[in-house]
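The following pair of complexes shares a single chain, chain A, combined with chain B in the former and chain C in the latter.
Coming up: the complex of A and B.
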């Protein structure tokens, strides 16, 4: 028996596990890779800002205002992206601003995700009066002009990192609720839910151990979408002066501070704006990519 | 149809009522209104006098009904800042914002609808990829920044367009373009998705099998069904644009309701803010109600649910 030939076909090989399949698909998913790279770079900026920033983002140097970028005439390695109207190093402010952006964006998406998913799952699974109440709450939320509400709340509660994050999470829970409610309604009719109910599982067990894992795909996609929108709104609020307060380097504040000098120093506006744009695109690509590779229907 | 209409109307009224309670609560959250009205150097006695004069010493519930009662008669109170009637301030500014929002929506539809249809018909072609790329970029670009870039390019470098104000139609071009990017990607994606679903549907295969010409299949059979969700989205988008124009209006100094809200928030003129929130939600509810009725009219399946 020791000389028996090895099997020529791979019929007996086990099917790759779902995780292996996802990994194989990720290797060919360009959008996912670009998104992951962008998010990774900005996350590193945010986490290691104190070590990466070449200068203190708050130190003003009025003798060296509006210094040019490195590749422009008179640029120097001291200030790679030049300095702003107060002589502060733009690159350092940009890197520190990543921290503000990521905290607010992730925090708002996370809190609104928890709130919206809870409401959506409760409405979708329990139905009846509770579902009607959830739908009503969603309708009320949709009828309120979000940006104006956020502006008024910031003017009341102030522009700290915590209050902005909480105010923004009040704005974005509705899409989580709408999507998870529909997804829960679809999952609820499956056999494994009936099996869990028959075996006497509690409602909480069914919601969190049976339904939640099966709708997590949709939650990730909405989460990435909302994180992108939260970042855009935070920047807009800070730009309007009713968000994060100067001198904290939020990307929206960088743009608003450079407005006075934009006609002769446009790069001070272009660079932070592009940073916002690239990060949001990266987050959206990453979210879409994760959905593509984890979706059971997408596998072979 | 009538039953459906009555049910929707009832819910809409309830939503408006809830929103009015919330926007009223927001005003009370903002601190002691009597102190605001009296000003910085007022003595406690003067503040108390104003509190009684404006009825602020009564219970919150009594005050709410007082406010709601006069709001029903079209009296939204007076601005703390200019003492003008809030109703007049709003009706004076609303047409500007309405023009801006409607023209932005029209522009978005004019670009997004054909793009979505072409992207769906020529799936995975370069048109599809370009449309998706545009949608990705459009939903990631900060509108205030896009507005500044437009000002720099078309207002300053080429000197083609006026950069602030709202006096002539030329003043509306850049604000309209900026605002339309906020809704264009969504409309494009929804049209594309709806078209793809419709093109795969049996009734479209049937239309092909009958030997209809491609134009009739695309426009009469597929697009008609793909448009249903787009009608709802357009109504929602218009409501969103009315409230979301605050950013664009402040960058371009457009004298609309958004900049009125922004200025009023900054100077804590909460009777104005509260009324704007209420009016905008009211408009939104009316718009969604209308779109539901239009959809129920087009699609009998909705009525029966």
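Coming up: the complex of A and C.
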């Protein structure tokens, strides 16, 4: 019992650092790679739309309405995916639409994430009356018919990009709040939180520096889900004529405009529909993948 | 009165009549009923007792970590010249992690998995304004080496999951030492470790204590740990200190029937009777909900008499040299009982 502790020799455990570990897992994660590829391609489209789009998405040419796609009879390189009912180049409208769609999707997920995470973490960590207030807000939100409220708000505030983004973010914060509240309650009971309190850390420090990094991967998953749903609902609102207003080329508008011609020019509705579908799948795959590779180590 | 608590002239921590109660759905639960003790600078004071006797919750009360449903009050609770009980969060933050720090039971969960140990070590130092980043790093390296971690400078970049349990507990100990504390509360510091690592960790604690002159409150249920590390012991039962004594004295002359039972329960490997049955203390800890009368141990005690159930509480009796016990029986009768038990187990 009197011996001084000898330095231990099992120091160099062959455990990789979290970054190496994430990288190793990412290399074998097919879903993550596919999702990342899809999101990357669409992001490039959105960012470089002015350079990538072959034509102006707003210029109408009524003489060249409903032109066929390149591989159909009469197709030309001028309009690779053909033209819509007003003679506008579909490919250009699709590429510009990516920008609108991704801004709305990302913006709504981000704003709702900030609001929901803040509420959820405050409720989960502080408990008591504040938690009761947060639960009350969540219940009120869950009891409201979301899409109807969104429709009425859009009809009041108009269909600008900003108002649509904010209105959609009001629809989605509750899931962030529910998940982060529960996750915070779990993390709060860990000894390292008590240890941080014991070492004189403030409440804000514990919330944002101790708890937040430990629940961030859950937030990423919800964020990706909500971004996908936001894109779908934006498309739905646009389709109903209450979202982004034409002639702005959002994907929902493209689908909506192709409604009249869907029986004899189905590609006009299928292509933007497919784009929505692929982007939402890509975002979900990416979110799931990021969750898998960023799981904080040693939590269990 | 209460000579037994006062072990030295200028205690680093002086607690009188600490009471912690929890509000539960079935009534008020008195987790501790008037605990008093003094801690001298540089000594190790062990608090032993079984689960639920109130040893952990009294340390949580001292650290200001009580759950919302708990309230604490005391006649006096002075650490380093300052009343610390129910202090405002801001004032408490200046003390916690600084002159008063704590080591937790489970090294697996007491380090945050998303930060490197270097981040976590230097953080405490920087938070209390002990110096700049470079000095914090130097202190961290110094302490990691001091607690027996090789290549300390490289190890600063390691994450908790890259270290074994024993190493993590060393990091936790180093973290508690970052700001040169005067008192460390160690809540079952070795319970979660392998037995082989336990002893080395305890030896390390003892050595650091000698070197840096800090006082330790050691909370444990393991009398072996008590015997090897502490200077003085308080035995707790059902929220009360039932016996307090210098460690040597406690093992030589256990007086309270509960202490006797506890020591009796330590398995002996020595002849003459290696096949002897393991000892247990029969019965259960009484419910702590509602008002207690008399001695809480009387239902499990072979020496209990009717008077044990009377009055609010049994008074503490002095035996001198810091030894006191809370029992109605005279010392002679208890010594005789201990001889009897010894003879029985031999």
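Observations
The working rule: the second predicted complex is superposed on the first by the 281 of 300 C-alpha atoms of A that agree within 3 Å, B and C clash if a C-alpha of one lies under 4 Å from a C-alpha of the other, contacts with A are read in each partner's own complex, and residues count from 1 in each chain.
Throughout what follows, contacts are C-beta pairs under 8 Å (C-beta built on N, C-alpha and C of every residue); 3 or more make two chains touch, one makes a residue touch a chain.
Remember, predicted model here, so these are calculated numbers, not experimental data.
Judged by the touch definition given at the top, the superposed model places A:128 against chain C, while chain B stays out of reach.
When the shared chain is aligned, chain B comes close enough to touch A:273, but chain C does not.
When the shared chain is aligned, chain C comes close enough to touch A:200, but chain B does not. In the superposition on chain A, A:281 contacts chain B only, with no contact to chain C.
In the superposition on chain A, A:214 makes contact with chain C only, not with chain B.
When the two complexes are overlaid on their common chain A, residue A:192 makes contact with chain C while staying clear of chain B. Residue overlap on chain A between its contacts with chain B in one complex and with chain C in the other: absent. Against chain A, in their complex, chain C makes its touches with residues 63-65, 68, 89, 92-98, 101-102, 104-106, 108-115, 123-124, 127-128, 147-151, 155, 157-164, 166-167, 172, 175, 199-204, 207, 228. Chain A meets chain C in the complex at residues 1-11, 13, 15, 17-18, 127-128, 190-192, 194-203, 210, 213-214, 296-299. Listed in rising order, the residues of chain A touching chain B in the complex are 136, 139-140, 142-149, 151-153, 155-156, 228, 232, 235-236, 239-242, 252, 255, 259, 262-263, 266, 269-270, 272-273, 276-278, 280-281, 284-285. On chain B, the positions that touch chain A within their shared complex are 11, 14-16, 18-19, 22, 26, 29-31, 136-137, 139-146, 148-149, 152, 156, 236, 239-240, 242-244, 246-247, 250, 258, 261-262, 265-266, 268, 270, 273, 276-277, 280-281, 284-285, 288.
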